[in-house]
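Paired with chain B in one complex and with chain C in the other, chain A is shared by the two complexes that follow.
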Partner chain A sequence: MGGFLPWLMDPKRRGAMLVTPAIVLLFVMNIFPLMWSFGLSFFHYKASSVKPPRFAGLYYYEKVLSDPVVWERFQTTATIVSLSVLTQMVIGFGLALLFAKKFPLRREILMLVLTPMMLSFVAVGVFFKLFYEPTFGVVSYLYRSISGEAMALLATKWGAIAGIVIADAWMWSPFVMLLVLAGLVSVPDYLYEAAEVDRATPWERFKAVTFPYIKGLLLLALLFRTIETFKLFDLVYIITAGGPGASTESIAVYVYRMAFQFFKTSQSSALSYILLFVVIVLTNLYLYFVNRREREA
Partner chain B sequence: MEIDMSRAIRTSGGLAIGAVFAAMVSASSAPALAKDIVIQMAAPDWGPTRFMQEYADKTYKSPTGNNVKLAIDFIPWGSFYERVAASMASGEKKYQLVVSDSQWIGTFIEGGHFMKLNKYIDADPELQAILKDVHPALTEAYATYPYKSKNIYGFPQMPDTKVTFYRKDLFCDAGEQAAFKAKYNKTLPCTYADWESVDWNTWGNIGEFFRRKPGDKLGSGTATEDFYGTAYQAGKGYDFSSCQALAFVFQAGGKIWDESNQPKAQAIGVVNSDEAVAGFSKYVDLLKYSPPIAKTGQMDIFAINDLFMQGKLAAIVNWNAVSATAIDPKVSKVHDKTAVALTPGTRNGKGEVERWDIMGGQPFVLTTWNSEEVIKESLNVVKWWLSKDVQLNFAKSGGNSALQSVMNMPEYDGIKPWNKAHKNLLKWQKDFWHIPEFFELLTQQQEQFDKAITGQISAKEALDNIAAFQQELLTEAGRIE
Partner chain C sequence: MSFLKVSGLVKHFDEVVAVDGLDLDVEKGEFFALLGPSASGKTTSFRTICGIETPDAGTIELDGADRTHATVRERGIAMVFQTFALYPHLTIRENLAFPLREQRMDRKDIEIRIGEVAELLKLTHTLERKPGTASGGEQQRIAIGRALIRRPELLLLDEPLTNLDAKLRHDTRAEFKRIHRERGITIVFATPDELEALTMGQRIGVLREGRMVQVGTPDELYEAPDNDYVAGMVGSPQMNLLAATRKGSDTVPSVALPFGEFGGGAWQGALARFPVGEALTFGIRPHEIMPVAASSDFDGPTLEAEVHLTEPLGDVVILDLLAGDARLKMVLPEEQAMAYSVGDRLTCGFDLATTHVFAKETGTAIR
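The block that comes next holds the complex of A and B.
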């Protein structure tokens, strides 16, 4: 018996049927808005206005790239990314080495250590803003118990950057730890036993046995965290609002202001695509290193 | 907006059913052809708008006989602008009324979203009477675009001014008064009348005087933790430092770029005039008596209110709508020790205290996409809100009336501790930019003010940078010749 339903349920079409909803959703929620905003970056357009868009060519790309404020925000972002990712890698790596060993309550403590990355950015931002509050915050309280004076961590550029880096590292070091730990536990015991027979020092054991197993995962953690920190918005916006002055204003916060406060829709779209380009370059760099490693192996 | 014609359709049913229905209708007050109309209003989620919703639910009846319901969409303050802007930009046409900060109206008027009301006011003596009764400073700040023009776009929903909240247990303490007199040869203000002569120099003295360490005597007791003198807003977020710093600028004789005199008005030489620099320098200087959060540039209106309610400050200058919580026993440790007075000012050449300040509060405006019937019903809501009875009840719930006739009632001053100060300060209020470039001007100004507050640059450098930025931006926008 024929009909639409049997035709649709034909095993030949089943694969296409299964992926169609996901593709439609992806197109509607991701691809179409991306293409739309990409198109807007070539037009004079403000979302706050009912005036129709007018063609502008590459005007906004030129404007964004020649804007000194954009470059300042990129520098600030690069500083935060470098310090935060480095801190996360060091702490995450250290935690992974710690949890690779067996000790009482290991699983329970591991769960606790993983908790920060399960919290929302807004909650973490508010926690740390209150921690750093100089009149009643816990950081100032501890500092006051030693020095007798309140501590205004967020009063200076580097203090404010440190405040953001600490919050971001607190939240995301466990993610690095999780990846590295996966690599550490995958190292076969017989390799360590062989190294011990060869009387390898701990450093040699790490260099020759452990590191090759975790190198790829470390690179993956580095890439993920670099890309994510590059887009850092919530913590900066909540903890410092970009201050003092504009010394912690990341490029993501600047894009937000441009798009939703100044309503420079075209300009913010152009800047967003430049950011996307930077992220794509970073991703490709990672893929290049991974592929090269595979070729060498 | 929802218009339901079902009642009308039902009334055209069969005779018997009609008779029964007519009997039912006659038992109620609703006319047979009354429509159900919902007026959606976007509003920040706080006391003044919550009161409006509750009071409307209880008392509002449209004079047209339609069943009109005011439905307020309560939006948290933190995301209010973005939510309203997103609604406007999306074209969803959801709201008939919008509570708007006065600075946003240019953006939404030029975007085609807010409606000019002159033709409706001209045709309606009731609206004309309301407009005449509304304090002129409020109409000028909340409703006119271009600023100070004859075009009217809104009516006051919640007028606000900054006032001084102070600890009467400390300021009226005999020991503290004697010590203050001995140290500064000035009277420590205790009553409302005492505060009338307080200028910023005395405010500085108060700030210095009330800084105490744990163990120091404080009023009739002893300080158990660090206690700070005075605070006013100095936060980088939104318009926090601008709203206070510009008061100092105005009082010192300085000005901001005059949007009502486009394109002749200039920014350079005005924004960074010697008077403006002197005023802003005074503002920055007095922050040294504030709690250490001032050094971070995050001492916003909520931070100072929290610290005051925790009993860590002797006096604050803040919006009365925000600091109304200071007298609430549920949240304030100092609820029974708090009094309210005028804000300090700057003494002019004649020895008088000038209190020029930035207007707070918000108007509510009509949107452009509604039918004549809905516009009429929205204006009826406006008229209801700005009726004397509603405004008086609003004041009793903690709000500020916009009507001079209500503020002049003998009982008004005593309704809430801030009523008298609010009423007397309205004449000193000005507003800053309403043009669509407002947010860019504000963000850059806030950034520069914050640099000066946190000691990265001097007050003069900050104002020079602001003037240069404004000159360039406004010239590019065609607003400066």
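The block that comes next holds the complex of A and C.
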């Protein structure tokens, strides 16, 4: 007796032993379902039926790519992505410029500004859904105190898009700020002083001294936020559930509906893999710029 | 008529007083050296003069006009930073052209100016590269070029040679003199190196803890230092500074040193004002001490010493001597120094007219 534990903890197999649970978990929860669903996208299959899968080849890929609804959802997603990312970039950039200066309570206020980023999507979604609620929501309340009428922000297409964009920007502008701020504080003071001695205008100073230091980080922020917003599901699902009608139904929400409301398992798998492909392309672009930045530094 | 006049300039950072009542007077077209060790306030003085820092007290006049509260732009002073402060993301050409942007010059005129400056500083072949790829000497010349290109009337150089190797330093000294002669601009040059100050400055201001302790031509500083600080700072090897005491009578004072008592220098008259027993510092330059052969008819003051160390410097040798408790240096031509080795005893003589006496307490020269 007494041989097993010491045998197990032998330095030769200790390392492997310690990572095994994580690998098993990863395999069972991520890799296997991923492979399985990839396989299903080539078969006729409905998760809600008992019929065995039948081989379908590229039928569902063809079907998805020629489906006008899919392209509509892509357009909706593109609208949300561009508006939201633009808003985040502008606000994040502005905040970074603000926090690059020294002022009283800077650290404390910075911490507060960063909190939205640390909240869960579901919590943020619920907050904003309640804020936008026409009868007792704070937005409607404020609107009523001015105009005397209730406001149902989420009742119109553009109102609903604005609602999502505001929530997403509130949550992720601090992320852009953090990246840009890192660039701003890396600019050596003596360069600003030299530019001052060279009698550069503030705009020229920004162009020649500041911008080159944050250019790379801005690009990273842009790509990172584009990838993330492209996959946006939780906020949309909670705040508008894709409505009114299907006007805010992002591609991620559409996939969800297809898979779990209509149980078009094969079709939703195929669409998911198309999405995955888009994200992989964007991610590689991101990694390419990260590497280039490292090489430059 | 002075071109740059700084009076009573004070600048402190929290508790640290960087500049403490600085007075500076630079003539138009002058090459003025500001000599001081690190942390003596050179950089802060420059930064305050060109307007990056706001002074806590004092005034700055440029060409007769009060510019104490003018912006950096309004003053229009060019400055070369110790760190060079080149814009890393612009090419060398763009770096040079940067100060011209705001002048709304013709593209063609800008090109001509760049060509001129590049020619002057031998940068023509590097123009399309980024400053990061340039050598230390090139970076320094770019920094100078950037300062010169808008033809400033006043140029501040903050330790421009400190980051260069010895050979480049030597060449660049000549370069600065040439630029000064050819362009006729007023240059103020900060350096911790007395050799740089002596060889380049038409006048030198010696800075100590944010105050000017003496201003004069290199000769004036060398021949007649106002205090023991300047005496120790100017000249290489350093002047021998020995602890001494005032002796003699009330009217005929003398100086007591570990190796003898002497009277008769230029300081003798002034020394009479000090009471007998006053602590003094006695200064004599290593070049002014020479060996005296027993047979010679030398009738000046002499001292007996033992050779403690020798430092050969090529054509001259520095001999470290021990005379009583005192340690002093003597410089001899190589062929003369060959006669002595460590442990030898010798008799040295000097001329009292070349010696200096300072009050120990205040450091002020007595003369």
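Assume the second predicted complex is superposed on the first by the 250 of 297 C-alpha atoms of A that agree within 3 Å, B and C clash if a C-alpha of one lies under 4 Å from a C-alpha of the other, contacts with A are read in each partner's own complex, and residues count from 1 in each chain.
Operating definition for what follows: a contact is a pair of C-beta atoms (placed from the backbone, for glycine too) under 8 Å apart; a residue touches a chain by one contact, two chains touch by 3 or more.
Source: prediction; values computed, not measured.
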Fit-or-clash call for chain B and chain C when the two complexes are aligned on chain A: fit
First, second, both or neither for A:34, with chain B first and chain C second: neither
Touched chain A residues, chain B compared with chain C: B
Chain B versus chain C as contact partner of A:187, first or second or both or neither: neither
First (chain B), second (chain C), both or neither touched by A:274: neither
Which of chain B and chain C A:48 touches, first, second, both or neither: first
Which of chain B and chain C A:114 touches, first, second, both or neither: neither
Where chain B and chain C come nearest after superposition, their Cα distance in Å: 52
Overlapping contact positions on chain A, where the chain C interface meets the chain B interface: none
Contacting residues of chain A [partner chain B, same complex]: 46-50, 132-136, 140, 150-157, 160, 240-247, 257, 260-263
Interface residues, chain C side, partner chain A - complex: 47, 50-52, 72-73, 76-79, 81, 83, 85-90, 94, 98-99, 101-102, 146, 150
Residue numbers on chain A that touch chain C, as the complex places them: 188, 190-191, 193-201, 204, 208-209, 212-213
Chain A-facing residues of chain B, complex: 81-82, 85-86, 88-89, 107-108, 110-113, 226, 228, 236-237, 291-293, 295-298, 307, 310, 312, 436, 439-440, 443, 447-448, 450-451, 453-457
